[in-house]
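The first chain written gets the first letter, and so on, giving A, B, C, D, E, F, G, H, I and J; residue counts start at 1 in each chain.
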Amino acid sequence: MLFMVQMKVNPPSHLTKEEFDDVKVAEKNRALDIQRKGKWPHLWRVTGKYSNVSIFDVESNQELHELLSSLPLFPYMDIEVTPLNEHPSALKD
Amino acid sequence: MLFMVQMKVNPPSHLTKEEFDDVKVAEKNRALDIQRKGKWPHLWRVTGKYSNVSIFDVESNQELHELLSSLPLFPYMDIEVTPLNEHPSALKD
Amino acid sequence: MLFMVQMKVNPPSHLTKEEFDDVKVAEKNRALDIQRKGKWPHLWRVTGKYSNVSIFDVESNQELHELLSSLPLFPYMDIEVTPLNEHPSALKD
Amino acid sequence: MLFMVQMKVNPPSHLTKEEFDDVKVAEKNRALDIQRKGKWPHLWRVTGKYSNVSIFDVESNQELHELLSSLPLFPYMDIEVTPLNEHPSALKD
Amino acid sequence: MLFMVQMKVNPPSHLTKEEFDDVKVAEKNRALDIQRKGKWPHLWRVTGKYSNVSIFDVESNQELHELLSSLPLFPYMDIEVTPLNEHPSALKD
Amino acid sequence: MLFMVQMKVNPPSHLTKEEFDDVKVAEKNRALDIQRKGKWPHLWRVTGKYSNVSIFDVESNQELHELLSSLPLFPYMDIEVTPLNEHPSALKD
Amino acid sequence: MLFMVQMKVNPPSHLTKEEFDDVKVAEKNRALDIQRKGKWPHLWRVTGKYSNVSIFDVESNQELHELLSSLPLFPYMDIEVTPLNEHPSALKD
Amino acid sequence: MLFMVQMKVNPPSHLTKEEFDDVKVAEKNRALDIQRKGKWPHLWRVTGKYSNVSIFDVESNQELHELLSSLPLFPYMDIEVTPLNEHPSALKD
Amino acid sequence: MLFMVQMKVNPPSHLTKEEFDDVKVAEKNRALDIQRKGKWPHLWRVTGKYSNVSIFDVESNQELHELLSSLPLFPYMDIEVTPLNEHPSALKD
Amino acid sequence: MLFMVQMKVNPPSHLTKEEFDDVKVAEKNRALDIQRKGKWPHLWRVTGKYSNVSIFDVESNQELHELLSSLPLFPYMDIEVTPLNEHPSALKD
């Protein structure tokens, strides 16, 4: 089941640069981990912004929330979740 | 080069149902045509809305505009275009 | 799997009162039908508005979209879909 | 009498993690307490957000305000209150 | 129990002037009727707009909805409902 | 001459709790003082929010501004001022 | 007593060009009439828009509403009213 | 003196296709005419929208308004005007 | 050439009261200075807000920007600039 | 390939004036450098704001993102990117 997830990062001013760098390293590892499990098939950078457009493929809302809230950057992000489904005009593979 | 394109259809009240059905048939054919050319790799329906989230893969802004403005539903849609690029945390295939 | 669905009805000015009344009768029947199937456990009227707040319980986004787009009032509604999941502070029955 | 209440938590940057953890523990206890009294029949997590959608069942606006303002997280939340009432198409039990 | 209700009238372009004048006459009568019953203690015109700010005093959300949806202008209005309660700094009579 | 004034308090994070409590005590006294002078006939709490809806009765914009800017909480509030006047459908006493 | 009034004209599609031209002629006459009475000291066109920024000088909200609602274009305008008062840094004449 | 002007065209539903095509032909001629006079140095299409981003070079606000309001599409456009001036980091030719 | 300029002051929390008072004194002097030069013919306080509505009379955008960015409060203000020009219905003196 | 890029600078309150001045010097140098390479043909200041309107001429979204994210002020800016393409009514040189 697919969801579009748009994440905008708001770097926190109360963390030092080093502390925030650590969070970003942990974020990248966690993101790669989830992608390897096939749950995060698409991750694109929005040109000119500290934001991404992602497509998640999960079994339930619950699973999606657990994945998103497990991201180290979760507390520092505005996240919009848009449920998607098959489009009648989409080319079947 | 990737772009996210979000299209919301606003059915025009000045067309009859038959006239608008014809536009929708033409739209589906044109959409399938563009997808077959590899320019429109992803097309998803937004759950609960007469909208879609799409990913286009084109050579230039110009090409993207020509494709979008060639859609029969173009005059009846609100379209948002978001340029995308590679994300540093995206899993390389 | 739960979704909050907020529906705002925009009565179409190009339909006669009788035509729109027929749509509303069909809408009520369809709504009762979906509720009997246990897919639409909560349906509340928003005080002072031609809107509702609903909770749907479905297996997938696809199913939710099929249910919503099957509603006779679908073409005349603004619909917001919010995926929900279990809250850690929710009282277990 | 039912109200939908949507709560978005904005973690305060001027509290330490420990201080805020204490507030969250107190919040959970208070939330369970109110739910046990039947005043808060539904509490769901919004997928991907530090927010919830709740349904409160109270005797008056006054009672609702007292319950909400008694929540330890109250000072750190954006709260929207939407009065609800019976929907004419709702399935009677 | 008090509610602030803000009503903005959107004159419908599909009614003739005479038809809409009739609706407005019926609206005034219904408004006076509700005020005489003590349910609508305050009704003010917003300067420069076809809008009003009102205070309703009712027993429940249900009653408020019945009163508002009984207004002849109801189909042609944007209505915002804000539940109110006693303010700790309000001067007691 | 009536004005609706909507005040939303944004507690400042740079003041200690004690300092802000003092401001709130001063605010309550000033509010009661203005109400006793008949300038602030209505003050209601918005359910679920640190906000109020008020009606001021003053001689001029100037007087209203002096009253509002004299409130100890003035620097920490978002204030919306809406001029009101008599409504043609308002019940005359 | 001064008010800024911002008026945006939305030409109605249900009137013929001739009918709307008549309204505009009546509007100009009425505007000149009010200005001659000293109630409308400033009237400027917003560059690039069918809008104006105006300053009215009136005795009360009531008078302002009567003046504005007497404008022939009143039914076809979005109007924002902002009460103004003396600024402490304004140069005294 | 430079202004950015963003124009969004809203095709009017009360004109026939032929009538609107005539307006568009007249618009193109008028646009070319203004550009030849050096008043409209830049005109770009916004990808995916019936909108443009333009830069005008004029002597005054008055001149800009006369140029814009002379455009045949003026009644069918939302126009935003943003005054620009020299940037301290702009490369001097 | 006239511009409406709307300035909303956002007192910075990182300055002490004394530091900010100094800025405000400098601001008043600078404002009076500009007004004496005839560049700032109107300056009004918005009732109930730490904001003003101003009319500037300048030769160019460049001059307006230099005047505004020379204001000591410039770094702490949200500023909206609206170019104005003569209104066809404005009473000629 | 052209993009409009609108940049609004939000000076960070956690940097000292000297630290931020250094960032601004580095920003100016980087901006001049990119302009000399022909990638940033237009850079204008928005009158009255700490913002600019720019036109970038790049080969791809990727290149644009690399240029923008290389700007020293990048972490302190809200950036909007709008893809542009040739306008059918644009005067050919």
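Here is the rule we go by: a residue touches a chain if its C-beta (ideal position, glycine included) is under 8 Å from a C-beta of that chain, and two chains touch if they have at least 3 such contacts.
Each chain and its UniProt protein: A, B, C, D, E, F, G, H, I, J = Muconolactone Delta-isomerase.
In this text the structure is predicted, and so the values were computed from the model without any measurement.
Trainee: Name the pair in C-E, G-I or D-F that forms the same interface as A-B; by residue number, over half of the contact pairs must coincide.
Mentor: G-I
Trainee: Taking each chain's centre as the mean position of its Cα atoms, how many Å separate chain A (Muconolactone Delta-isomerase) from chain C (Muconolactone Delta-isomerase)?
Mentor: From the centre of chain A (Muconolactone Delta-isomerase) to the centre of chain C (Muconolactone Delta-isomerase) is 28 Å.
Trainee: How far is the middle of chain A (Muconolactone Delta-isomerase) from the middle of chain F (Muconolactone Delta-isomerase), if each middle is the mean of its Cα atoms, in Å?
Mentor: 43
Trainee: Need the CA-centroid distance for the pair chain G (Muconolactone Delta-isomerase) / chain J (Muconolactone Delta-isomerase), whole Å please.
Mentor: 39
Trainee: Can you tell me which residues of chain G (Muconolactone Delta-isomerase) touch two or more of the remaining chains?
Mentor: Correct list: 2, 13, 45, 47-48, 61-62, 64-65, 81, 83-86.
Trainee: Every pair of chains that touch: which are they?
Mentor: Result for touching pairs of chains: A-B, A-C, A-D, A-J, B-C, B-H, B-J, C-D, C-E, D-E, D-F, E-F, E-G, F-G, F-I, G-H, G-I, H-I, H-J, I-J.
Trainee: Help me check something: in the complex, which residues belonging to chain D (Muconolactone Delta-isomerase) touch chain C (Muconolactone Delta-isomerase)?
Mentor: Touch residues, chain D (Muconolactone Delta-isomerase) against chain C (Muconolactone Delta-isomerase): 2, 4, 27-28, 31-32, 35-36, 42-48, 52-53, 55, 82-91.
Trainee: Which residues of chain C (Muconolactone Delta-isomerase) touch chain B (Muconolactone Delta-isomerase) in the complex?
Mentor: 5, 12-14, 61-62, 64-65, 68-69, 75, 79-81
Trainee: Along chain H (Muconolactone Delta-isomerase), where are the residues that touch chain B (Muconolactone Delta-isomerase) in the complex?
Mentor: Residues 11, 13, 45, 47-50.
Trainee: Touching chain J (Muconolactone Delta-isomerase) in the complex: which residues of chain B (Muconolactone Delta-isomerase)?
Mentor: Touch list, chain B (Muconolactone Delta-isomerase) to chain J (Muconolactone Delta-isomerase): 1-3, 60-62, 64-65, 81, 83-86.
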